[in-house]
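Naming follows writing order (A, B, C and D), and every chain is counted from residue 1.
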Amino acid sequence: MSSPGAADKRGGASQGAARSGTDRACGSVESVSVPGVRVGLVGATGYTGMELARLLAAHPFMRLTRATSRREEGRDLADLHPFLRGTAAGELPVSAPDPEDLARACDLVFLAVPHGAAMSIAAELLRRGLRVLDLSADFRLRDTAVYERWYATGHTERALAAEAVYGLPELHGAELAGARLTANPGCYPTGAILGLYPTLKNGIACDAPPIIDAKSGVSGAGREARVGSLFSEVSDNFKAYGLGTHRHTPEIEQELSLIAGRPLTVSFSPHLLPVNRGILSTIYVDLRRPDAALRDIRALYAEAYADHAFVRLLPDGALPDLRSVRGSMYCDIGLVKDERNGRLIIVTCIDNMCRGASGQAVACANRMCGLPPAAGLGLIPLAP
Amino acid sequence: MSSPGAADKRGGASQGAARSGTDRACGSVESVSVPGVRVGLVGATGYTGMELARLLAAHPFMRLTRATSRREEGRDLADLHPFLRGTAAGELPVSAPDPEDLARACDLVFLAVPHGAAMSIAAELLRRGLRVLDLSADFRLRDTAVYERWYATGHTERALAAEAVYGLPELHGAELAGARLTANPGCYPTGAILGLYPTLKNGIACDAPPIIDAKSGVSGAGREARVGSLFSEVSDNFKAYGLGTHRHTPEIEQELSLIAGRPLTVSFSPHLLPVNRGILSTIYVDLRRPDAALRDIRALYAEAYADHAFVRLLPDGALPDLRSVRGSMYCDIGLVKDERNGRLIIVTCIDNMCRGASGQAVACANRMCGLPPAAGLGLIPLAP
Amino acid sequence: MSSPGAADKRGGASQGAARSGTDRACGSVESVSVPGVRVGLVGATGYTGMELARLLAAHPFMRLTRATSRREEGRDLADLHPFLRGTAAGELPVSAPDPEDLARACDLVFLAVPHGAAMSIAAELLRRGLRVLDLSADFRLRDTAVYERWYATGHTERALAAEAVYGLPELHGAELAGARLTANPGCYPTGAILGLYPTLKNGIACDAPPIIDAKSGVSGAGREARVGSLFSEVSDNFKAYGLGTHRHTPEIEQELSLIAGRPLTVSFSPHLLPVNRGILSTIYVDLRRPDAALRDIRALYAEAYADHAFVRLLPDGALPDLRSVRGSMYCDIGLVKDERNGRLIIVTCIDNMCRGASGQAVACANRMCGLPPAAGLGLIPLAP
Amino acid sequence: MSSPGAADKRGGASQGAARSGTDRACGSVESVSVPGVRVGLVGATGYTGMELARLLAAHPFMRLTRATSRREEGRDLADLHPFLRGTAAGELPVSAPDPEDLARACDLVFLAVPHGAAMSIAAELLRRGLRVLDLSADFRLRDTAVYERWYATGHTERALAAEAVYGLPELHGAELAGARLTANPGCYPTGAILGLYPTLKNGIACDAPPIIDAKSGVSGAGREARVGSLFSEVSDNFKAYGLGTHRHTPEIEQELSLIAGRPLTVSFSPHLLPVNRGILSTIYVDLRRPDAALRDIRALYAEAYADHAFVRLLPDGALPDLRSVRGSMYCDIGLVKDERNGRLIIVTCIDNMCRGASGQAVACANRMCGLPPAAGLGLIPLAP
């Protein structure tokens, strides 16, 4: 009942163990040496911070060297997030955010702090030569006047807003390669833009504003203690909110207008699902040619995403669901033609925490650092 | 808006991509060559089959070469399980189970079929020189008379029942190394036995039968279409079931008696939780010395699991929860002393699908094949 | 510690107790004598049957005298549905369906059986002088050719299909008064039609087909044992289904065309929510006059439902949620003007089991029998 | 399409409508005149306040005349709790708590405020001649020294603590009849005490401390905004908490000691279920006579609750579940004999919000005011 072959205490819980060792019976493995990118995480307590920690704990070429939170300074990261116990990331002591310290310890920093707070931190870190991946909204809108109107706060870093790359890899992959500053897309925009990209790029839609009826899991609301996010308010419940006023609207319209080559508005209707993770968007487009064949439309989508493994175009008749993308980078797309009404219905699913936030941030960071684009992101969805 | 650096279509979705490539900017990586173990999965449609497919799709040294299901023959595995779309495992065509074909294509076979059906298939495959990992109950009980009484069916492979190793790595790691046939433990027994092992091994409990009050997610009931497992029956609900009659009782008692070195019964009370994955067991033991210090008891647990990275003993005052182990191999253990009543309360959490079934099966298979014990199992839990 | 004032054993669990007794200290109550309508329930095992039993167990003027199920014959209703234990309804023995027996024991019969099966039973019962409330789809479509096309089965009772009243009280209240046969509306149509009624009646929409993006709880799928309705398939998940093909489409279009006075199609997109009860419909209408004021539109809704207590028009800025109508007859309606795109967004919520099925059936039966329209339906929603 | 028979606007949504009207076709109904008890609700915003409002909105002999909340003063109750819209209770303006005003407007006041705050308000209201039903813990423990130790706060109203009746109707029904002040039991104690009462009263248990392994829905944690109660923390999760330290422990022990006639401790282990409502307690008792027949034990339970309609003893082999009591006053009890270990396992279910808090408060208030004990509580459970 002893266990001579027991896993090494630390290695058992990290991907590292899987990448070394000897395979006497069935194959052979060589050791791998990886110096890796040193990364910092500013804002370790929220859900995007948690998800970044999850991904970085298993990233083959990135090493988490700093995790900051003023409130939790001094505790180990695993004390905040017990799922990390037993990993190297979990043993990292949480520190207070300090630009000098971050500059010494990191090559790239992820900012998982609220909008408004990120812009000045980003500026300080860039000044010290770091690369910055900002998960807030601060650099998503090129026109800072639009930012100021929708977010009701001043923008102090206009030049950086102009420089920042909008971090949707399928659209802006080339620009990400050399980027110093990336603005990670919002969760809703990610699913909406990927769903509409082939349609608008190929001009098959009428001018009528598309309708994006989107449904999101609760983690998208963040980890602040609010009555509206309590289990007993959300569970066994469902509601629409922010119709016509949600802050992701201008971000969606900015990117779709760029794709379409003309100013474009949308009707964007978010809803709150009683699930942890995931966004499903049901998108309605009136077709320029009502009798366009779904087969031909599907071909446009297949072509647009031919080189992008994280977008999965579902076969004819199949529709996406949240659990098939849970915990992963996939954006699943299903297409339906409403023949009687000449409409195209596009249904997309993403994991709002991974693809819609932290995973996409890692994908962008991979490109910013010249790592393999999918490094650390080969995550098989968790179902059920 | 083009994407020259786009991920290779297949590689993007597999762990493979993460293990090769060049890192110009920030580090260096060498290529790795792994022949790998060829594995088959008999019973691909249920939840344990799904979970095996998830784990095998990302396993660095195992390659899924057969997945069988009579009913779904001819379809791709990703048609059954859309979360696999885009992976090599997902493109595997489902075949009808055929021992000859399996013997040609595989080194080891996982049996994810109902009890009663597994024993004869196992015999056929062993006869053809394959290694077999059985996830059913057919080989868990050494005494086939006990099996026949609790499972109300005859046992046709007594010699194999005597040969089979009970696949709990922390207890039977050495025996697994050379095993041809492993009986994967039940989900409830895994959490119960790991929770009681240090207590019984060290003789600190009274003779009174321990109480195991266990609460399991619904995936443990399998994927058969049954009214009792419908969402509207389980959601926002909770119940006890099978008190005193659950079939995992003799399995728990067999292993605990072995540990304690004396015949031992338990009160085992399963409950059905409205969650997908996870089992929490609250275990009550009357202490031989009511004034035993929790500090000393904790030391016994720390010692027992010192070499076992997948068991995490929580710090004083901390109690486990399901989400901190979701999707992973961890068994988290929290200890509480009920001082007024001289009782030890042990709380354990596992993911019933991963640690309690398919992940544990992979851990055993790693040892049977001489692979690194934790290969493919460095899974960071998914929270939330 | 004795309880001389204990509630009478039976009365304690029924509304009856609340309607009699003496109030020495604080008021006075008189006894009430109610002969009541004798009702039968054909199809007692499913969710609509359960919900009817719940409502009838507390109905002041209806008495459940028969509950039928071939499979469960001989058991008490409370054995099937333990929540009924302790009520008079719960003690009713389940019998096999027999028209003669039903005719002797009942004045009105609710049919909670699948479509296709209901039409012939209805005919048999009507022939024997009973009133019939059919919860299936068999008599909802006036044009039986449309029925046969969408339901892929023949219709054998065309005359009855022509006679049946579509049981939406707000639209067809007058016709229900004398009705022998009522076709209870589908769950989706109830929320969709009530949401669009004032808009179409007043002609404020463009001719473009409205979009109805509807999200339903799982109880709407019925209580059949199906993999797709299992907890582990539905929980923490969300998906669209039946886009463009759902059978409630022609029913919605029939009623909306009647209201609008012109043939009208819709884009109807159902989705499956991980909740037990409730349907939320987000409805998009392009306004004839894009600059129409929301205030004026709201006035049309207020007027249309002025005499209908079960429709609640929410104040400006408020949007409905499922839990505020759970277990009740309410249809809550919120209105939003998408000013930039000239669209009206109508959001409606109902409980699919109560308002969308069994409660609406009771409301219709009340009118068919000349009872107070809201009798037995004064249900305060259960939140949370 | 008009609706001449439409329900009266207000009546349609209240029980009132159900209690008057004419039944031309099928029966006859007489009008009922009820002056009613005027009640106040101090603390209208939390979950117990919500649940009281739900019950009072439909109570035949009580009328809510005041609902207080400092923070929400001036809004209608339906603005806080939209499910109340359309009811008379919903139109009540929320006021700031003022003893003078309450004394003028009410006969009895429910206190739904945190422990510590209730004791002085109760004293002020009693001084003004009101009856008081306190839902906090302030008057549950007869020994205020025990209160002060477990709640870590001083007790300023010892005389009232001695006078207060512990409001469990099955145990203290007679004392409630003339009571001025009732301490409403905690949610956990309600299910635990009712489960153990017949066992301890009849002395069939050993002296060993019973184990109460209890699992509660999240509404029991209240409506404060706390990270630990967020949907994304609780959903798809489960954990134990407060083992050996939960404040309901001394309350359970006080009442069980009274029943047993000797000082008695328990092991009380609460757990947090991902459901809104409900507590299931699994209770383990070592039998004095290990071979006692379950049939005889069941008879003791049947006798103990013969006059108490809200306790339902389930038939042999049946176990309770949460949904069968949801929204109701029922306490369901299932009994299992663990023959091999000489143990009795008692499983009880209640709705923590209704039976475990606000419904029980109404039941006590009924008795305090001489109303029929079950008035307003004939609630059929909502399943699913």
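Rule of thumb we're sticking to: a residue touches a chain if its C-beta (ideal position, glycine included) is under 8 Å from a C-beta of that chain, and two chains touch if they have at least 3 such contacts.
Being a predicted model, the structure only gives us computed values, none of them experimental.
Q: Looking only at C-beta pairs that count as contacts, which pair of chains has more of them, C-D or A-D?
A: C-D
Q: Could you work out which chain's C-alpha centre is the most distant one from the centre of subunit B?
A: C
Q: Between subunit A and subunit C, what is the separation of their C-alpha centroids in Å?
A: Whole-Å distance between the two chain centres: 41.
Q: Using mean CA coordinates as chain centres, what's the gap between subunit A and subunit D in Å?
A: Taking the mean C-alpha position of each chain, the two centres sit 45 Å apart.
Q: With centres defined as the mean C-alpha position, give me the subunit C-subunit D separation in Å.
A: Comparing mean C-alpha positions, subunit D is 31 Å from subunit C.
Q: Quick check on subunit B: which residues sit in contact with 2+ other chains?
A: 47, 219, 232-233, 235-236, 274-277, 320-321, 323, 326, 384
Q: Inside the complex, what are the residues of subunit A that reach subunit B?
A: 1-30, 32-37, 47, 50, 54, 57-58, 60-61, 81-87, 107, 169-174, 176-177, 219, 235-236, 258-259, 276-277, 306-310, 312, 314, 318, 320-321, 323-328, 330, 332, 367, 369-378, 380-384
Q: For the complex, which residues does subunit B have touching subunit D?
A: 208-209, 211, 213, 215, 232-233, 235-241, 243-244, 265-267, 269, 271, 273-278, 280, 282, 284, 286, 319-323, 326, 334, 336-341, 343, 345, 347, 384
Q: Which residues, counting only subunit C, touch subunit B once they are in their complex?
A: So the residues of subunit C in touch with subunit B come to 47, 217-219, 223, 225-227, 229-236, 274-276.
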